[in-house]
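In this document, chain identifiers A, B and C correspond to the written order of the chains, with residue numbering beginning at 1 in each.
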């Protein structure tokens, strides 16, 4: 059904379509609309989920874990400090091999209090074993949330998935949305190790130095298998519903000499910069990375790359820039822009490309050399 | 008549909503506490009310801290001041969310350790700062954005929880009775150990009433008996005047509920639950005040 | 691409006005986005919302710097906000009010949205509802079709007074 909706409402609508059994969530700006919309769906009877208005984010993830291990489909949503507050349990969820789906509305971390878009929050969870994907349009938020459940619950994966959307820029922006009858696109959940009183087992028991690493390897194996599952899920989605996204969205990329790499809404606005640059005779292209975990590999050889990180790892560098450099030899200009919702326009992005100095790092808005 | 100092500690650049009870409360809290005071403020309306960088509307040091951490942060601060021989007042100024839900662990720990500080919870009965979602302090029957059909669970009895920690001082107050609040803050700050003041903060946008009605709403809450003004000093309970009067001749609870949009459509069952809760608390407090308990 | 910036105060429905406008444009078969700029949200503070309308998918998320149209729902914000900032040459202004006196040298239109809201008794918590009548004014200016304006209002609100207020604004606005 064709309508218009905000990113938050799109996520809530997708959640309604997959009908989780249990939803436990705690409000935090700018995620609140997701939680409120779900509360309305449940109150009106449109969504037959058990909704738990927990008292904190740590409890939200703990409640999802408790529900998920019974074999129930679960969902939660958070942002920034909420995500960080549940950090311990986020780790737990992946280690416990639970296909929880969580929407994270990317927001900066304080102090000072800042409610605007930044990716550092979700990047703090990049080592946890969660799959992570970043969306840039309302439609993509809806579609990807649907796909997230199927990927998480796939027998070759059984790992939680985090769907990220930029705070305010996407969460609160209204764009067109085509909601779907997912049908059997997301099949019923079958959790192999669900609690079964007829087959009692201990869960997460004391595990010594000679065994623990084996469990960690199992997580990594599933993470590697998930690449195929992601590709297959997106292919099936494209066949059924006519839209496809991929691990990264390419725009005028094939013959591009210089490529702009960014995530989220900046990755989408970069396309406008690319058009501007092309008009000036610059062979520019863009690559909007969607899946952060598992981290995709592209062949950037022979191209100049401008990476925009809406995040930072202090004492190290922009996470995307550093991740790319760790995987391959690449001539890279690292731009740190958009922190705390800093305004970055397509003109600014075109400027980064025009003024690029490969091998250096620019902190946008800070005057002078850094 | 209490002599209220003229000095203002809340300056002109607040970002408060029109009719904000919390700003009114904080004005009197700071008048009572004076300049040798640090406020510890978790995520709550005051995070915004205090003003936006580079301004601050509060003329005492104000330390902002994460949502769950206020009482723990205050603990550390109090210990440090004491070690340095300073008598600076450490006052947590928190909303109900950061007290009764996500903040309760830190609160409980700080009180169990008899931390020398004053904890003030201004209670607008929902998560105001993020747009009025329900909190544990939301009363039964109240509509919030996460309880669109009215909350089905009762308001958590925060006072009983705090009382169970045997604080030096525990009191309730209300934005509509600033003199009473002023005296209670002054009294609390003369005592050592953990002190707690729970202040009702009628919130115009949250409770859905017109912004000039804040004080009137606070008075109705007390006169209907739904909010009882009392204090407990080392366990010795005294019920304050306006509530004593309300216990003899209360205003009907419906008069309080009917002027707030958040209670629109509240059903009989919920009204009765509110009534009986209020009656039970009144009975219990009366017994405590008389020394029977 | 047509860019509209809406100025109001928190609690007046400026954000909803943007969403209604985007919805109406969408019903006209256009691509449309609506995004508020949130400062510290609270009742009474100046709020800005952005709406973009285009025949092609819109890929811009940054704030509108050069609007084609500025809508001022609460003229009192003009005391603290430069509502004309960046207005395109030839760009227009639509004001809630009875006079365009305050706007020098700019094609400005005024319609008394507050008066219309009060007449239709479209008031919530003491505030007149401006976001539905303004849609009628925008339809008169040709930004959206009358039919889509009506559809958008009916999709978001069940009270028929909203449609009547929009119709009144359509009638009263003199282009």
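Here, a contact is a pair of C-beta atoms (placed from the backbone, for glycine too) under 8 Å apart; a residue touches a chain by one contact, two chains touch by 3 or more.
All of these numbers come straight from a predicted model, not from anything done at the bench.
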Interface with more contacting C-beta pairs, comparing A-B to B-C: A-B
Per Cα centroids, the chain farthest from chain A: B
Centre distance in Å when chain A and chain C are each reduced to the mean of their C-alpha atoms: 34
Chain B and chain C, separation of their C-alpha mean positions in angstrom: 39
For chain B, residues that touch 2 or more chains besides their own: 131
Multi-chain contact residues (two or more partners), chain A: none
Touch list for chain B against partner chain C, complex: 15-18, 48, 52, 131, 204-205, 208-211, 261
For the chain C and chain A complex, residues of the former touching the latter: 18-19, 22-23, 26, 31-38, 58-63, 65
Touching residues on chain C, where the partner in the complex is chain B: 11, 39-45, 125-126
Residue ranges of chain A in contact with chain C within the complex: 4, 30, 115, 166, 168-170, 172-176, 265-266, 268-269, 271-272, 343-346
Residue ranges of chain B touching chain A (in the complex, touch as defined): 43, 47, 53, 64, 66-68, 101-102, 104, 127, 129-131, 133-134, 136, 145-149
